[in-house]
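The two complexes that follow have chain A in common; it is paired with chain B in the first and with chain C in the second.
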Partner chain A sequence: MSETARTTAAEEFANSATPMQKVQHALHRYPWLSPLIVLVVLIVIFAILGFGFDVGSLENFAKPATISLMLQQTVIIGTLAVAQTIVILTAGIDLSIGAIMVFGQMVMANLAVSATASNVTFMAGQNPYLAVIIGVAVATLAGGVNGFLIVRFNLPPFIVTLGTLSIFTALTLIIFKARTIQGKEFEGAQDVMGIMGKDFQIGPFGFTIGLVVMLIVYVVMAYVLRGTAWGTHVYAVGDDPTAAELSGINVKRVLFSVYLTAGFIIGIAGWITIGRLGSASPNVAPEINLETITAVVIGGTSLFGGRGRLVGTLIGTFIIIILDFGLSLAGLDQAYRVLAIGVLVISAVAVDQWIRKVKI
Partner chain B sequence: MARAFGGRRLAFVASAGVLALGLAACGGSSDSGSSDSASSDSSSSESSSESSSEAPAEPVKVTLITKDSTNPFFVAMQEGAKEAAAANGVEITIGSGKEEGDDQGQIDLIEQAIARGDAGILITPMSVNVNAAIEKARAAGLYVIALDTPTDPPDVVDITFATDNCLAGEAIGQWSAGWLNGEKATIAELVIFDDRVVSVDYCRANGFLTGLGVEVPDLADMTSPAKSGSYTTGAGGDYEIVCLEATGANEEGGRAGMEKCLAANGDINVVYTINEPTAFGAAEALKAAGKTIGEDVIIVSVDGGLAGVEAVKAGDIQATSQQYPLRMASLGVEAIASIANGGAAPQNTSANGEFFDTGVTLCTDMPMDTVTSAPQESAQYCIDNAWG
Partner chain C sequence: MTVVTSAQPIVQGKDLNKSFGRVIGLNNCQFELFPGEVLAVVGDNGAGKSTLIKCISGAHEVDSGKIFVNNQEVSFKSTHDARSHGVETVYQTLAVAPALDISENLYLGREVRKKGILGKVFRSLDKKHMREVSTKSLSDLGVLTVQSITQTVETLSGGQRQAVAVARAGTFGSQVVILDEPTAALGVNESARVLQLIKDLRDRGMSIILISHNMPQVFDVADRIHIQRLGRRAAVVTPQSHTMNDVVAIMTGAMTVPEEEQQLAPVR
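Moving on to the complex of A and B:
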């Protein structure tokens, strides 16, 4: 809403600005610009080291097969990061993302698993489509629980999702006994449950259905955020809830719907995870919460809400995966990769703080 | 508004983030077991009314602390402990770290056991960081048994009940040499960490290389073996270690790690995995890359969970060293109950005399005569004896 007016003012100002201020304004207007620069620089460095110098196995970095693998590796973090982005846009945070995903995925898997497999719960042997729908619905509901607690009782999102992180982790262990469901235990339902992992070739590149679904989630949500009233309200609530309230936006309803939507996306991510791993495991990706937050922050979305783009999050996800993969091919220990991510996160927040000081 | 309070809110988010890590670390299931023990009524009838300060004898209390509560290996351990506790009238408390690497979660649980007045602790120690807490527990009179993973140094605990992880690794290494039969070994190593030193990690991985006949200069350093050279077991031949990828010992880590290794070198024909969940992830990556497992490439692993040995039968894993977590935990509970009732402490039985050996079996449907470190059994035998 007010954003259009503000950027116009900023543009006018930029005409008489120093080069540094121009950079600041550009970054302010396009929050995804700095991560994009980082991504391009990373790719160029890895490619040069691979072709020009003989560093580890980096000569394989720019090969289609490697690029395909890197793209496929983004699906879990990438999809969850969409949910994290819309939450962070409202100046919230969701620490329960991984726990809800695992819970939803275990609901799906335990419904769809063959009733003749050993040690299954009473609910086994359902139609796989029904299983997926119920699993996604449960995740949506779980997101709704977060939203309800935050809106109804005015609790900080950080505390609520910290609590539900433990609750959904525990529920997974209590209800499903920490049992991993193997792909073959789905029997006839395996095709449906594992469809997100199905791969296909376009030229020399390999893609998975899950990757396509992730990109669809990005496109749809990007449109919703930029092209609908709801999206505008999300930004407004994140920027300044009091002003949003005064301008007639039902802040509580917007917040609740954001967590509900996040839950739905998390549910989809659960299905994608089953496809990627070929099984449903309760101990997959224990650090996924922090990784999604990392992707969102590196992607230029402000932790203080109201500013950021989904495309930035997608770029942030690519940065995490490519940095890790490239440094691995270079033969570097994981400790250095963790170090590099840490430096990136702090740099991203520092840049965000600097951009916020833009004079309008 | 957001702008005005920006700095303060950032500080909140940052400090809260630290808080979150700390709180998450304290997680883990706590399961105070059934206390329907017969001991309380029988003994109270004997201790007559003359000493009113003397409480009736309480059931022996034992705490089991695993690394996490989701890995089927530890879930089996918890089952074994619960069963043995019920059979021996022991009150069992079960807890775990939040995940691999959560030292603080284990330390908290040890301190809780001391405060509760437990007779003993069974623990799969996360790392050397829990040593001090274990020593504190022993100083308070608790009998501490390490399960599966020895502490470093081993004498931090009273005794270790374990399968020899080094030996379990050696067995799959020897088996791999038999399968290779003189062919060049192009190896991918999928381990738990490469930024942290954990004995189960290096003992299995370097044990695997030792079994293959690769020289391991420093057992505790997974990067110490030369990246290429020759192996000596069986027919012997050249080897090349393509990668040492950290996986967190789960499916996603296994898949992503294998993908990185394959990108570095597509000719990998031997895949070592720290456990079977990791192997499943690696298998997915290999299949996606068009490899035929069992022909182009072999996957070897350690653990021997039910799903793992079923995968051996199905041909997704060629050989795995089966360990017996359920037995470790039940023997541990029995030992502490016995000591608390005045019985003798258990003695070390392993070949090197450093721990109480609960045994290991190599599960494979292609037995190799190069294997000397463990008895070889069929996948079906292992399925019948599997946990989880």
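Moving on to the complex of A and C:
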């Protein structure tokens, strides 16, 4: 056999990746690619059904008003999902996200509510800025409690946050009763408390301050995760804690700081929620924990830690909201949306398992 | 008679003791590593070679005894302390994060930030610089067969991962590199490449501690062989003075070597 023939054979061997393997490599390098495809396909399907066929009221799907509403609708899940993403990147999970958000939000609202409103607690009538700062601080602290328990006692995040889910839900009800605070009860403080819901127009589209704040949270955290040493350490800790430890990373400190940061983001989300809903209720979004996990997982972040991108989470959030709108505009029962989400979650994890086996 | 020499050990352990509950890991163990040599550490399972290495690399603290690096007494509380004294370890598990890329792994735990306000205030990483140094470091070691420095480590072969781990140990001005069973998981060709890597590191002036079970490999690269038995140093010999069978005999206690026949002084 001649030299050239052998080289050709070797090259052929090297380039023998099947189309399937190429897809696998691409997904491995860009884990947000599959959710992006799902998102685009969903948009195209709903748009075509809306324009070409007469399905329900889907003809409204691609209208600026609907698009604006969909975007505004993402703020609560979208912001909380940032907190969930950084926790899941460390191979943890945070089941207490909704409970902490409600707790922080109720602290804020009960501080800022007018002292003359009926049935308010002793703390009412504070400066609204102070109220927001304290509310966010309380949520940060609550995240810190999660982190402390996980790091100090080596407890699994699942169990710790399952416990704090109950604890913070109960604390909210014990301290603030089950009382919903309406926007108008803030009186003079309403401007500050509801600022996240304030909207403005760009062309035919309507945006809210809350949406802008959410996007800022995404940009800042995406930079922190990919551009700083702390971000690299978060990935390393989730990927292989032993390797991280042996490389001189203080794994416990990184873990604690992740839950603390998550708490801070959850606090901001609480403020955004008051603006979005125009009131502060202890019963808001009981399923929000699972929805944030769904957004993160659909967005291509691995539940085993160490892989994933925030942009995927943002796409995952859009997928949830678009399914929600599209299917209800199509006149389908809410159950179909739940069904579709279930299928997506399982597919996303299956895809993750597959791309983790990549060989080059 | 021990040969009197002016060379000072770069790492020295005196009367090291370490026990885990009732299990004795080290029992008045002595240790010397001289500059620019490859010292193999061999011993049966439970002879205390892992414990010895962990004490020197900072993963364990000794109960009593003294460790000197460059004639300066040190007390390592963590692997970080050992590193700051120029002692780097390549663990058997390699301690690389598979989902991070080569350059991120090389700099894991000692990332370099950008100069000026971007680095100081925004803590921005200087990825370009880190990638350049990583590329240079890997090609210096002659192991740049990887496609790209931004390739994730999980896509590399066993030998390439080993090379990344060794490059990490050899890149940051370290003087001593500890290699724990570096060829245990490798095939014949890749093992040969790693052994060559060890010789290259030595030729660049580094001092190397090699823990291995593989006698032919030990005899191939080691300048001296430290034989650990029952928590203490049974003997130090050279591949020239003793055979593989002798070494195994010393390991198991079937043979003892009088001190004057040992090689306690540097050979290089």
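Just so we're on the same page, the second predicted complex is superposed on the first by the 343 of 360 C-alpha atoms of A that agree within 3 Å, B and C clash if a C-alpha of one lies under 4 Å from a C-alpha of the other, contacts with A are read in each partner's own complex, and residues count from 1 in each chain.
Heads up, the rule we're going with is that a residue touches a chain if its C-beta (ideal position, glycine included) is under 8 Å from a C-beta of that chain, and two chains touch if they have at least 3 such contacts.
Everything quoted here is computed from the prediction, not taken from an experiment.
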Report task. Return first, second, both or neither, reflecting whether A:L277 touches chain B, chain C, both chains, or no partner chain. Result -> first
Query raised in the report: Between chain B (first) and chain C (second), which does A:G125 come into contact with in this model arrangement: first, second, both, or neither?
Result: neither
Report task. In the overlay, answer first, second, both or neither for which of chain B and chain C A:L246 touches. Result -> second
Report summary line: chain A contact check, chain B vs chain C, more residues touched by chain B
Query raised in the report: Of the two partner chains, chain B (first) and chain C (second), which one does A:T66 touch, if any: first, second, both, or neither?
Result: first
Query raised in the report: Which holds for A:L329: it touches chain B only (first), chain C only (second), both, or neither?
Result: first
Requested in this report: Identify the partner contact of A:G306: answer first if only chain B is touched, second if only chain C is, both if each is, neither if none is.
Outcome: both
Query raised in the report: Which partner does A:T228 reach: the first (chain B), the second (chain C), both, or neither?
Result: second
Query raised in the report: Once the complexes are superposed, what residues of chain A are shared between the chain B interface and the chain C interface?
Result: 239-240, 242-243, 306
Query raised in the report: Residues of chain B touching chain A in their complex?
Result: 1-3, 6-7, 9-10, 13, 16, 20, 23-24, 27, 29, 68-72, 75, 98-100, 193-195, 223, 242-243, 245-246, 248, 250-253, 255-256, 259-260, 262-266, 277, 280-281, 283-284, 288-289, 306-307, 310-311, 314
Report summary line: chain C partner, complex, touching residues on chain A are 28, 223, 227-230, 232-233, 235-236, 239-240, 242-244, 246-249, 306-307, 358-360
Query - chain A residues within the chain B interface of the complex - result: 56-57, 60-61, 63, 65-66, 69, 72-73, 76, 91, 93, 95, 118, 158, 162, 165-166, 169-170, 173, 177-180, 182, 184, 197, 199, 206, 238-243, 273, 276-279, 281-287, 303-306, 325, 328-329, 333-335, 338, 349, 353, 356
Query raised in the report: Touching chain A in the complex: which residues of chain C?
Result: 59, 78-80, 83, 89, 91, 93-100, 104, 108-111, 113, 122-125, 147, 151-152, 154-155
